[in-house]
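Supplied in structure tokens, the structure appears directly below.
Chain nomenclature is as follows: A, B and C, assigned in order of appearance, with residue numbering initiated at 1 for each chain independently.
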Amino acid sequence: MLSLRYKADTSIPVEVEGLTPSAVRNMSLAEIQRFEIFHGNRKVPLAEFFDVSGDPADARFEFEGNLAGVHWIGAHMAEGEIHVRGDAGRHVGSEMTGGVIHVHGNASDWVGGEMHGGLIHVHGNAGHLIGSAYRGSQTGMTAGTILIDGSVGNEVGLTLRRGLLAIGGGCGDFVGANMIAGTVLVFGPCGNRPAAGMRRGTVGLLGENPPALLVSFRKSCVCQPLFLLLIFRHLQSLGFAVPRECWSANYRLYHGDHVAVGRGEVLIREREAG
Amino acid sequence: MSSGFLKIAGGTVYDPAHGVNGERRDIWIREGKIVDPPSDPEVRPERTVDAADLVVMPGGVDMHCHIAGPKVNSARKMRPEQKRKAEKVMRTPSTRSGTMGSVPSTFATGYKYAGMGYTTAFDAAIPPLAARHVHEEFEDTPCIDKGFFVLMGNNHFVMQSIQRNEPERLRSFIAWLLGAAKGFTPKIVNPGGVEIWKQLPSGNVHGLDENVAHFGVTPRQIVEQVAHAVDSLRLPHSVHIHANNLGMPGNWRTTLETMKTLGDSRGHLSHIQFHSYGGGEADENTFNSKAAELVEYVDAHPNLTVDVGQVLFGETTTMTADGPLGYYLSNAFKSKWFSSDTEMESGCGIAPIEYKNTSLVHSLQWAIGLEWYLLAKDPWRVVMSTDHPNGGSFLAYPQIIQLLMDRTYREEMLKDVHPAVLERSRLGDLTREYSLYEICIITRSGPARILGLKNKGHLGPGADADITIYTPNDDKTKMFELPRMVIKSGVVIVEQGEIREPLTGKLLYVAPEYDASIETDISEWFEKYYSIRFRNYPVSLDYLHDPEEVSCA
Amino acid sequence: MSTPAANTPPHRAGVRGGDPGPVDSSATVIEDSTCTFCGCVCDDIDITVKDNHITEAKRACVLGKAWFFNHHADDRPSCLIEGRPATVAEGVERAARILTDAKYPIIYGLSDTTSEAQRVAVGIGDTIGGTVDTTTSVCHGPSGMAFQGVGEVTCTLGEVANRGDLIIFWGGNPAESHPRHFTKYSLMPKGMFVPNGRKDRTAVGVDVRKTKTAKAMDLFFQIKPRSDFEALWTLRALAKGIEVDAQQVKNDTGIELARWQDLMDRMKAAKFGVILFGMGLTMTRGKHLNSEALLSLARDMNAFTRFVVKPMRGHGNVTGADNVVTWQTGYPFGVNMSRGYPRFNPGEYTSSDTLARGEADAALLVACDPMANFSQPARERLQAIPYIALDPKDTPTTRAATVAFTTATYGINVPGTVYRMDDVPIVLRPAFPSSHPSDFDVLSAIQRRVTELKK
């Protein structure tokens, strides 16, 4: 395991893009300490901002400290495991293709941006555009799993192509907007205009007081979809808490967004009687 | 005392304009021009480039590309996702950073052209209302000399003059407009079709004799009359035509008709590959190549020239002044779509596209481009282009060169495309391989001559000292991708892929004479219909960086 | 050795468009002068200049008149360093040091200046590895983002004047923000295909409150605040013939379904529909997705008839800023060059964010006033970092600047090029000279110096 203890105190963005378990696996500690990262427009050696110790051979990183100002942690990662014991910045796990990232704190915007595989678990809150496409992309995330225990901001799963996103807390506006396929489940409250422009895929609004859907969604039926229970079981096996009421609840199914292709589904948990 | 001479010594020189085919020669340069060797044998050059065993050619000339102006810039704005994933153009102490993808930023465009040994490029389609924008972008496009063609095929004053059967008026207007924009020649794009697009949903013309509503002219008349006017003005380059029905199955007939309409007038048909399709009306299943038929006609008519518009497989961006075409493509590929109609003058459509070798149509398009090169008898009249970026990036030119020079390479690629190519085109039967001499013609000597640029595309005394030096390599893609050295206006601007001196480059324009009394007419027309004042429209000479007038015969 | 073109500022800015005439006490009339107050960029203003004052501005609207009349030659110092007068050269030196010492310098503003000056500013951003952003990011940036998602169907303003027969104003108040727009472009002109001018047109307004614009409309839709997205979505559904729930439409938008249906019928029956939209869409909840809904609607409509949209751009040359930043870097605004090449990400590299999060450690502000307009955290950060401000006016931003340059006003004193809201480039015809340097002059000097320092 490679230990990276953050020792800097700067509000200027620190970017560690390229620092992945694969990249340093065969490097000596001294080489890793010289690994170039960016502090604003300056290239600096990793050791200037992190106390680096341990052994990279098992492809496991342990970041420690308040890394809210450190960006691109785990970006492009293909294998291995990263733990952040503290907050993390923007673009956590961006475009990763494999491996596991745990943030034991909050993360910022663009967690899992255009992700292509692997698992990200943020145990706190996260920002906007989780599991989303970057601006202009006609396709977003294509594979992988993102679990956020807390709440997130707007445009979760924007233009999602495939993959599973689960939000334990609430989400902001436009969850699953322009979605192509894939699954987004929100267990807490949800902002407005969910699934706008949705083409296919599934959005589950499983919290209390779900918002109204846009006029271009068509109510279908009330059901207890089996696939949802299978996903819940899967989520639990990954250490994500699924509220008890979700297991036995009924779900109202809507089809839409008919302004787009309209073969998507939105499942809204029915309020329990009484 | 410095002699001011630069000598390129002992290179293997290709200068088809002077019939020089791989001869060992010296080239002398002074004050930005190629000159005769000094008569005094005591005079030493300031610098000698040892070009022994290296191939020396004039700098490349791209006579049809889209690199500046509002259409190109909108395409840049529209494709951040492509730029994000593309090659990064890093800043250096003497060069600016930039982005690539199919629509590079301006500095990157200049550096990349130069890095490939190209020293002149012409933007193919500019609405004159935006001329100023183009001049600004050109000033930020270093290393190459530039010019542009002025859109006129859907210009209201042009159509009115034709309808009124007033060729003198048309002639004067064209001359005035070229001078106002500081452009190079009239460009006709889907004549009449773009005007109909502005009037009707999915509007377009489908034949040369259709009436353009409200204006009472036909596409045929527009082509004929503008071509006459250009020849009577003795512009260095002919009228430049993007014919009606681009991309449609069966459009080869429209193309042939357009060529016939030109009669004896000079005419250049651009990206001819896109206009060489047989087949039924909009029926993909009958899509086939009619390149051979059209090549035969062009070969027999020396007044005609073409550039190919080669398609390469991969992602790119279509951008065209042919507004309805942009709409059609974006619907066909379900992609994002930009369209902008310029008052009184033209339109534009932009849509991302991916050419796939699994697609029958795309594979045929690829094949048809190659057919044109391989079937044409006269390489002086068939110019290499990809209609950058419509068929692909200009960075693909080295690959096209290899496809033309190396039959084995071509056959390998043929194995990977849609099998229908073998039945519906002749490419499988064509064994011709281009020589370096012929490549030199289709990438520099030919286009320079077609553009009427007497000082470009050759290495004789008086030519601009625009020279590219290549290291010979059996892998022609590699050879042409990375010249050893590029000289522009007598300055070494690129060495081993590195930009040494990013100079600004010249703006080449024409200023044909015209009867100034027409300006009264034009200003009245402006007053009635334009949203900008007549006085503010023309671009004055002091607006331009390093302008050079190319005289009219 | 010649100066590499990359770092050579454009040479024409000093001579283009005609230099202002000599100081003269008799009146001069400059015809077809250009007003840069709003995005209309009217180029038909005949101004009368006397004693370095503009005394008349024929055809200018109330905003244009205020623009032209309020410029006087003044003897404020051209440069202040920490509030004390200094020479421009000293200011340039100090500015260059601030910018090259910084690790995350930002360059912001740029909309109220010439494209020639904008080009130099972007070059400075490249050299110092900074982040370049323009006022677009707080205005129609969201529309730019929407454009990147779905594209845009648009035209130049002359097309609106010649063809537009159904004109919809959405989320803006052009009667007050662009006073000559109706007359010059969108409602009054007797165009080629609308020969009877206003009579051949139907004007529709959609806004959350009845403004002066509403009064000029034939139809007005006063929608519920922050329901633009729902309204646009309803129209998109109607265009596609999708049945929608009337009660929900009424709840969502505050307008009866029947009225929306009527509007859609008119839209389909139009020959050339035009939607002109403003901050009501881009700066309310939904932002770029509001813009995207509108751009998508226009695209949908082209299946039935010709339809275009136009964002109503504000400041005179904000469109120019978009264009310049795009052609030089490939991206329109919020462009970061810290790592030696351009990167784009609104929300990450846009100035209100880089300041509010305390990331910027120096700034070069050109023709903008963030000290008056930005959020509290952003202003606090700006206060805390060294920054350089260029502005013809004395503003909260210039007053708190480490180095403040008083620059000549573009269009009044300085020639150059600007871009109208529809991307048409127009030259400026300046009225009288100024003792102050132009933005172009100051920025060029800074660029030369930062280039030397970065070697």
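A few notes on this one:
The definition used in the following text is that contacts are C-beta pairs under 8 Å (C-beta built on N, C-alpha and C of every residue); 3 or more make two chains touch, one makes a residue touch a chain.
The model shown is predicted, which means the values in this text are computed figures rather than measured ones.
Interchain contacts join each chain to each other chain, per the touch definition above.
Ranked by separation of Cα centres from chain A, the top chain is B. Chain centres here are Cα averages; for chain A and chain C they lie 35 Å apart. Centroids of chain A and chain B (each the mean of its C-alpha atoms) stand 46 Å apart. Chain C has its Cα centroid 33 Å from the Cα centroid of chain B. Shared interface positions of chain A, defined as residues touching 2 or more other chains, are 134-136. Residue numbers of chain C whose C-beta contacts span two or more other chains: 129, 148-149, 337, 344. Residue positions of chain B touching 2 or more other chains, listed in rising order: 78-81, 84, 336. Of all the residues in chain C, the ones that touch chain A in their complex are 102-105, 128-130, 145, 148-149, 229-230, 233-234, 236-237, 240, 242, 244-245, 248-249, 252, 285-286, 289, 293, 296, 337-339, 344-348, 357-359, 361. The touching residues of chain A, when paired with chain C in their complex, are 11-13, 15, 38-42, 90, 109-110, 128-129, 134-136, 155, 173-174, 177-178, 192-193, 196-197, 212, 214-216, 258-259.
Only residues 68, 70, 73-74, 76-81, 83-84, 88-91, 93-99, 101, 103-108, 129-130, 132-133, 136-137, 139-140, 142, 156, 197-203, 214, 327, 330, 336-344, 350-351, 491, 501-504, 529-533, 535-536, 540, 542-545 of chain B touch chain C when the two sit together in their complex. Every residue of chain C that touches chain B in the complex is listed here, in rising order: 2, 4-8, 10-12, 15-16, 31-32, 34, 43-44, 115, 119, 123, 126-127, 129, 144, 147-159, 161-163, 184-185, 191-193, 271-272, 299, 302-306, 308, 322-324, 326-332, 337, 340-344, 417, 419, 423-427, 454-455. Interface of chain B with chain A (complex): residues 78-82, 84, 335-336, 352.
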